[in-house]
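Shared between the two complexes below is chain A, which pairs with chain B and chain C, respectively.
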Partner chain A sequence: MADRASVTGVADVADQVRPPVASTGPLGWVRANLLDTWYNALLTLGVLVALYYLVRGFGGWVLLTAEWAVLTQNLQVLLVGQYPDEEIWRAGAVMLALPFVLGLGWSVWPGFCRRLAISLAVAAPLVAALPVEFASLAAGFRVYLLLNTVLVGAGWLLGRSTVFGSARSVLATWLVLFLGGLVFLRGFAASEALPFVGTKQWGGLMVTLLLSQAGIVISFPLGILFALGRRSSMAFVRVACVAYIEVLRGTPILALLFVTQVLLPLLLPDWMDMDRLTRGLVALILNNSAYMAENVRGGLQSVPSGQLEAARALGMRVHHITARIVLPQALRNVLPAIVGQFIILFKDTAVISLLGLLDFLGTANAILSGRQQWFNAEIEMFLFVAAVYWVFTYAMTSVSRAIERSMSKGVG
Partner chain B sequence: MPAPVQGDLRSRVETHSSVPLWRNIYVLRAVTQIAAALLIVGLIGFLLNNLFVNAEKRGVDLGFGFLSLRASIKISNAAIPYSPDNSYFYAFLVGVVHTLRATLLGIVLATILGVLVGVARLSHNWLVQKIFAVYIGAIRNVPLIVSCYFFYFGLVLRMPITKEAVHLPGPIFLSNRGVYTIWGEPTASFGTWLLIVLAAVIAGYFVRRALRNRETRTGMPSYPNLAALALLAVGGVAGWLALAGGGEPPLLPSIPVLKGTNFRGGMRMTPEYFALVACLTVYIATYIGEIVRGAIQSIPRGQLEAARAVGLSEIHVLRYIVIPQALRIIVPPTIGQYINLTKGSSLAIVVGYADIYVVTRNIIEQSGSSAPMFLLIIATYLLIAAVYSLIGNLYNRSVQIVER
Partner chain C sequence: MLNTAKVFAVALAATVLAAMYAAAQEDATKPAGYGHRLEQVRDRGKILCADNTELVAWSWIDEDGKNRGFGPDYCRAYAAAVFGDATDDNWEIVNITFAERPTVMQSGEIDVMTIANTWTAHREVHWGNFVDIVHYAGLGVISSKDSGIVPNDWQTLDGTTGCTGAGTNYVQMAADMESEYGITFELALYEIGGVRDAYDAGRCDFVLTGSDGTGSFVRQLTRSTPDDHNIWTSVFGKDPWAMLVPHGDDQWFDLIRMVGWILVNAEELGVTQDNVEDMFANSPSVKVQRLLGAEGTWGQDRLQIADDVAVNIIKEVGNFGEIIHRYYSAEAEEKGWGFYRERGPDNLYLRGGLMYVPENT
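Our next item is the complex of A and B:
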C-alpha cells in the first residue's frame, strides 16, 4: 500500500531517499571491510585494542628489555659453527655460491626469482648498515654482506650476456658449486693451502643450508626412481617400491634419524662407516625421497596416456619415452608440490639437532647451554632462530607461489 | 612419405617374428625383473648379513626376549600405573598411551582451532582476515621443533610460580608447575548415571531414525536431530537430578586450591604435556585452517545464490549446501594432517614428555637392544597411521556423494 501511495509524487520519493553511502575511496573501503555490520565493527574494535597492547608490549620488549648480545656475540658460531678461525674464508666463499646462483636464476626465470634476488641484494647492505657490533666478525662481515649484493648482480649479468643463461646451465652451475664447495670446505689431509677440516667442526646455518641442498640433490632423483618403480609393470619392483614409500612415509623423521645413527653402523660393513652428519643426511633422504616419490607419482598420473601411445607409435624407445615425453610433463605438472617438499626437507633438517648434531638449531642450543651468561637468553635466541628459518622458508614459498600462478595462467 | 608397398609391409611382419632373443620384449622384461629381484634381495641380504655379523661382534642381542625383563627405567607422571619393576614391554606401552593421550587431545583441539582459522580467513572483516593470514604464515614457515623450543623454554617454563599463578576464569591456573583446571570427581553413583546416559543415547538413536523415516515418508518436518538431542539432554539432566536427590550427585566438582606451594584438587596438566599439545595444536591448526578455507572457497558462488534465492535461511545454506560439499573435500587431507600431528608428537623429547620415542630411547640405552625396539616403534607408528586412515576412510565414505 505504501508503495502505491509514494508513486503518486516523485518529488516525495526524492525527499525521502537519502543519498547513497559512499562505497569508494578510503572511507568507503573502511566501511565495507571493517564496519559493514555492528558485530564486525565490534570485532574490529576488539582486534585493534588487542593489537595495540601486543605491538606495544612486544615492541617495548624488542627495543628495551631484550638482551641481543647473545646473538651479536655468537654470530660467527651461529653462522659456521666451530669452523677454525684461520680457515673461515673458505666457509664464507662456499656460502657465496647461493647469491651467485640466485642471480643466474634471476636472469633465466625472472618471473620466479627476480623478487627474491632483488630482496637479497637490497637486504644485505641494510643488514650491513645495522648499528650493532658483530663481535669477532668485525668489519669484514659488513664487507661480506655487501659481496652478496655484488654476486647477485654478477650472476644476473653473466646469465644475461653469456651462455650461462639457460636453465640447464644454472642447475649445472649450482651443482658444481655445491659439490665443489663440499670438497673445498673439507680440504685435504696433506694440503698446506686447504688443511683438512672434519664435519665435526662444521656447524650453524652453513650446515643447515648444506644439508638441505644435499638432501634435495639426492632425494629428488631417488624420488623419481621410486615413483617410476611404483608404476612399473614388474610386480617385484612395484611391491618393493610401495613398501619403501609407505614404511618411510609413516615413520616420524626423528625415529628415522635415531635409527640411522644407531643402526647404520650395524647394517653396513666397517669400511662403509660414515660420520654422524652423513648418517643424519641418510635419514633425511630416506624420508624425503619417499614423499618425493608420491609427489612425482601424482605428476606421472597427470600425463595423458595418449602421449605415451603416440610416442610408442613413433617407435621411441622406452627410456626415451620416459625421459623425454613423460617425465618433463609430469614434473612440470607437480612443480609446486616438489618445491613444497623441498621446504619440508629444509624444515626437517632442524630435527637433527636432537641427536646432538650442530646444525643451526643445534648450534643455538649449544650456545644457550654452553655458558651461564646465556642461560636466560632463550627467548631472544629462539626468536632469532625462528626468524632465520622463516626468511628462508618464506623465500622458497614465494617462489613456489610464483610458479603456481604462472601455471594457472598457462604460461610454461 | 611414400605409402609402403604391400610386399614391403609383408617383409616387415616376417622380420617381426624373427626378433633376436636379446631384443625380444618378453625376454627383456623377464631378465630385467629377475635382475631387479636379485638386486633387491641381494641388498636386503647384504644389510641383514652385516647386522648379524656386527651384532655378534659387538655382543648385541637381536631377539625380542628382553621385552619381558624388568625395565628399571623411570617414567615421570605416568598416565597409567607404572613402576620400574614393570617389564620393558609395559614401559613401552606407557609410552604408547602417552603418545595417544597427547595426539588425541591435539587432534580434537587442532580441528576446532583449524575450523575457526579457516572461517576467520574468510571473514568479511579485513583486519581479522589479515591477522589470521599472518598467524598462518608465521607458524607454517618455522619448523615445528623451533616453535616447541621457543614455547616451552621461552614461555611455559617462565610462567609464574604456583603462588603467583595466572588466574583465568574457569578457574584455570597457569603456573610453571603446570596447568590446573576444575575437574569432576566421580562418586559412587557415577556408574549409574553413565548407564542412564547410555540408555538415552540408544533411545535417541531410534527416535532419530523413526522421525527421519517419517520425514522422508510424509514430507512433514519432524526435527530428528533436535529430538534426539533433547532426549539426551532430558535423560542426562533428569538422571543427574534423581541421583543427586537420592544421595550424592554423580560428579562432585573438584576445584584446584592453593595449599602451601602447590595446588590440591582439580586436574593437573604437566607443563610438558601442556606445551606439547599446545604446540601441535597451533601448528597443525594452520594446515587444517587452509584446508577448510580452500574447501569452502571451492563451492561455486552460484550454489549459494541459488540456495538464498529459493529462500533458505543462512543456517540452512550452511547446513544443507556448504557443509556437506565442503566435508567431501576436507576429510581426506585432514586425515593426512592427523597423521602428521601424530608423527610430530615425537618431538615430545624437546619438552621432556615421555612419549613412545623417549621411552624407546631409554629402553635402548638401558637394554642395548636397538634393532628390535626400532622395529617395534616403526610398527607402532605405522599401526596408528593405518588406524587413522581406516577410521577416516570410513567416515569419508559416509560424506561422499552416493553414485547410483
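Our next item is the complex of A and C:
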C-alpha cells in the first residue's frame, strides 16, 4: 500500500511538473534576475523608464539638435592642426603606422592586439560611410579611412610570415616607423619633395599621439635609470637621483610646463634653443620619468635579495645581474602600474594646451574661441574630444588588462 | 666601479666646460643694437610674430589651419616689407598665451608681437617698444531694456546688479567706474563662459565686457533677441591696443612703425589693394607718388627695404581700412571671419576718428 502510494505520488508529480521552460534561456534569466521579487521588478521598471528618457533625450540631441558641422568643417585642423594643406599627405601617411603595427601585432598578441586591430578595421569604413561632408578633407578622407582597414590587413598578413611575427620585430617596426615618421613629418630645408615643416605647424590629434609616444619611449628608460640610481652604492648618484625624483614628483606638471616654456628660453644658450613643442615634451618627460622611477623602484624592491646574492656568488657582473636577473622580474611585477603611468602620460599631454600649444584639446579650444559661428558648439566639440580621448585610454587599459591576464597565466 | 667613477667625472667636467663655453658665446649671438634684428630675420628667411589663435576677428585659424585675422594680416604686411611679398614660408605666427607675453619679449625669440595687447607704461618699460595704436578698446556695457537702465547714462547703473568675468581687469575697472561716477552696484562674478548664461538667465541687469565683444555677446544669447538689449556706445576707460617689438633695435622699431604709417596713409590717399599698381603708374598726386616710392624716398635705404615697399604691402593686405573691413564688418560676420562693429576712434581723423599718422615723405 505504502509502495503503491509512493509510486503513484511520483507519477502525479511527474505529471504536474512541466519542463522548466521559464527558468532557462533569456526569458528565464530575465525572470530570475530582474523580476524575481516585487521590489526587484519595481527597480527594473524604474531603471527602464530612466534609460528610456536618457536614451531618447541624448539620442534625440545627438541626431536632431546637435550641430556637428563644427567637427566636419574643422576635421582637418582637429586631426593635424596647421600642417600645410599641400603637405597633408605626409601627416596622413605617418598616422597610418598605427593600423599597420596593430595588424602586425595581431599574430604576436592574439589577445588584445587582435581585438584592437579588428575594432579599427571595422570602425574606419563605418566612419567613412557616415553621410556627412568632410569639408576641406573631401572624398580623399573616406579613401584614407579605408586605407586604415587595408593596412591592418596588410600588417596581419605580414605578421603571419615568420620574419615579422615576433614581439621584438613588432616593437622594432613601431620604433622605426615612429622615428622615421618624425623625420618624414619634419622634412628637410633643402628638399623639394619633402619641404621643411616646423613643429610649430604640427597640431591636433597627431601631436597628442606623437607626444605621448615620444614621452613613453623616453621617460620609461629614464625612469628605470633613476630607479636604479636611487639604489646605487655611489653616494653622489644616489643623492642626485633621489633629489630628481622627489623634486619633480612633488611639482605640479603645470608648474613644470611653465618652467620649461617660460624659463628655458631665458636660461639656455641660443644654440640649444628648443622649439615650443619640444619644451612641452621636456616637461612631460621630467614629470613622468620621476613617477616611472618610483613605479620601477617598487618592482626592484619586490625581487628577493637572495637572488642578487646568488648571482653575485656565481660571479656575475653587476650590470649582468641588473639586466638579466633583477630588471626582468622587477618590471614584470609592476607592469600594470607602468601601463597605468603610460595612460596618465597620454592624458597629461592635454595640459600643454594651457600654454598655447595646439594639441588635440588646444586645437579644439582655438576653433571654438576664434570663430563666432562655433561659439555655441562647445558641447558637440568637447563631447567629441572626450570620446576620442576615451577610445585611446580604453584601448590602453584593455592592453594592460590583457597583459595582466597573460602574466597570471604564466605565474599560476 | 673605479672606471664608472672616472667616466662620470670626465663627463661632468666636459658638460661644465661646454656650458661655460656656451655662456661665453651667448652674448655674441644675442641680437642687440641697430640693425641686428633685420639681419637676423633675413638670415632666417622668416619673420616671427607672436599671437594666439583665440580671438574672434583679431586672430584665429581657418578650416585649413591657416592663421587669419587682424594680427596675422599685420604680420603679412611686415613680411611684405622685409621680403617683398608674403608667402606661406616667410611669416609665422608663434602661438603664445597672454601669460607668456613678457617672456617672449625679454628672451627676444620673436620679432614683433601682434597679439591683442593693451599698451601701458609698465609694459612699455618692461616688455618692449610699442608702435602706434591700431585699436581702441575699453570697458563696454550691455544692459537689458527691462532693467530700466538708460544707455550711456552711468548714473542709472546705481543700485542695479552687473555681471562680469572673474579674474579679469574688468573687476578693477568696475570699482573705478563706481568711484568716478559716485554710484554703487552689485557685481556678480562668473567664469568667462558663464557670464553669458548668467545674464541670459536674468541674474543681472547689465554686463561689463570688452567693448570689442559687446556685439557678439548679445548675438550669442539664446533666451532673448538682440532687440531686448542696449549696447552702449559710451566706453569706460582706455584700452589701447598696439603692436610691439623687443627693446634695443631702433632700425627694426622704425621699420615696423613705418608699415603702420603706410597702411593708414594709403587709406587716407585712397590707395587700395585693387588700384595700387595703377596708382603707382598713373596717379598725378605727389603725395601718392611719395608714399608708393615712385618719387623720392623717405629713408627706405636706411631701413634696407625696397623703395616701393608701400606697393608690396598694399598688394598683400590692402590699406588700414581694408584690413578693418575684412574682419569687422557685416560681410566679415556673414563669412564667419569676424563681426560687425562701427568704426569709432580707429577711423581716420578726416572722418572724426583718431587715426592720424605723419606723412611718408
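One rule holds in what follows: the second predicted complex is superposed on the first by the 359 of 412 C-alpha atoms of A that agree within 3 Å, B and C clash if a C-alpha of one lies under 4 Å from a C-alpha of the other, contacts with A are read in each partner's own complex, and residues count from 1 in each chain.
By our rule, a residue touches a chain if its C-beta (ideal position, glycine included) is under 8 Å from a C-beta of that chain, and two chains touch if they have at least 3 such contacts.
A quick note: this is a predicted structure, and the numbers were derived from the prediction, not measured.
K.L.:
For A:G81 in the superposed arrangement: first (chain B), second (chain C), both or neither?
P.N.:
After superposing on A, A:G81 lies in contact with chain C but is clear of chain B.
K.L.:
Is A:L354 touching the first partner chain B, the second partner chain C, both, or neither of them?
P.N.:
In the superposition, A:L354 touches chain B and chain C alike.
K.L.:
Examine A:L254 and indicate which partner it touches, taking first as chain B and second as chain C; both and neither are also allowed.
P.N.:
first
K.L.:
Tell me which partner A:L48 touches in the superposition: chain B (first), chain C (second), both or neither.
P.N.:
After superposing on A, A:L48 lies in contact with chain B but is clear of chain C.
K.L.:
Could you look at A:M234 and tell me whether it touches chain B, chain C, both or neither (first, second, both, neither)?
P.N.:
both
K.L.:
Touching A:D36 in the superposition: chain B (first), chain C (second), both, neither?
P.N.:
A:D36 sits against chain B, while chain C stays out of touch.
K.L.:
In the overlaid three-chain picture, which partner chain does A:P269 touch, first (chain B) or second (chain C), both, or neither?
P.N.:
Both: A:P269 reaches chain B and chain C.
K.L.:
Is A:I321 touching anything from chain B or chain C once the two structures are fitted on A? First, second, both or neither.
P.N.:
After superposing on A, A:I321 lies clear of both chain B and chain C.
K.L.:
Taking the two structures together, which residues of chain A meet both chain B and chain C?
P.N.:
Looking at chain A, the two contact sets intersect at 233-234, 237, 258, 262, 265-266, 269, 354, 365, 378.
K.L.:
Would you mind writing out the residues of chain A in touch with chain C in their complex?
P.N.:
73-74, 76-77, 80-85, 135-136, 198, 200-201, 203, 233-234, 237, 258, 261-262, 265-266, 269-273, 276, 354-358, 365-367, 369-373, 375-376, 378
K.L.:
Mind listing the chain B positions that touch chain A in their complex?
P.N.:
29, 32-33, 36-37, 40, 47, 50-51, 54-55, 58, 60, 124-128, 131, 137-138, 140-147, 149-150, 153-155, 339, 343-344, 346-347, 349-350, 357, 360-361, 364, 370-371, 374, 377-378, 381-382, 385-386
K.L.:
Which residues, counting only chain A, touch chain B once they are in their complex?
P.N.:
Chain A reaches chain B through residues 33-34, 36-37, 40, 43-44, 47-48, 51, 233-237, 240, 246-247, 250-255, 258-259, 262-263, 265-269, 347-348, 350-351, 353-354, 361, 365, 378-379, 382-383, 385-386, 389-390, 393-394, 397.
K.L.:
Where on chain C does chain A make contact in their complex?
P.N.:
1, 4-5, 8, 19, 22-23, 25-26, 29-30, 52-56, 59-61, 63-67, 69, 88, 92, 94-97, 99-100, 103-104, 106-107, 109, 193, 216, 219-220, 222, 333, 336, 338-339
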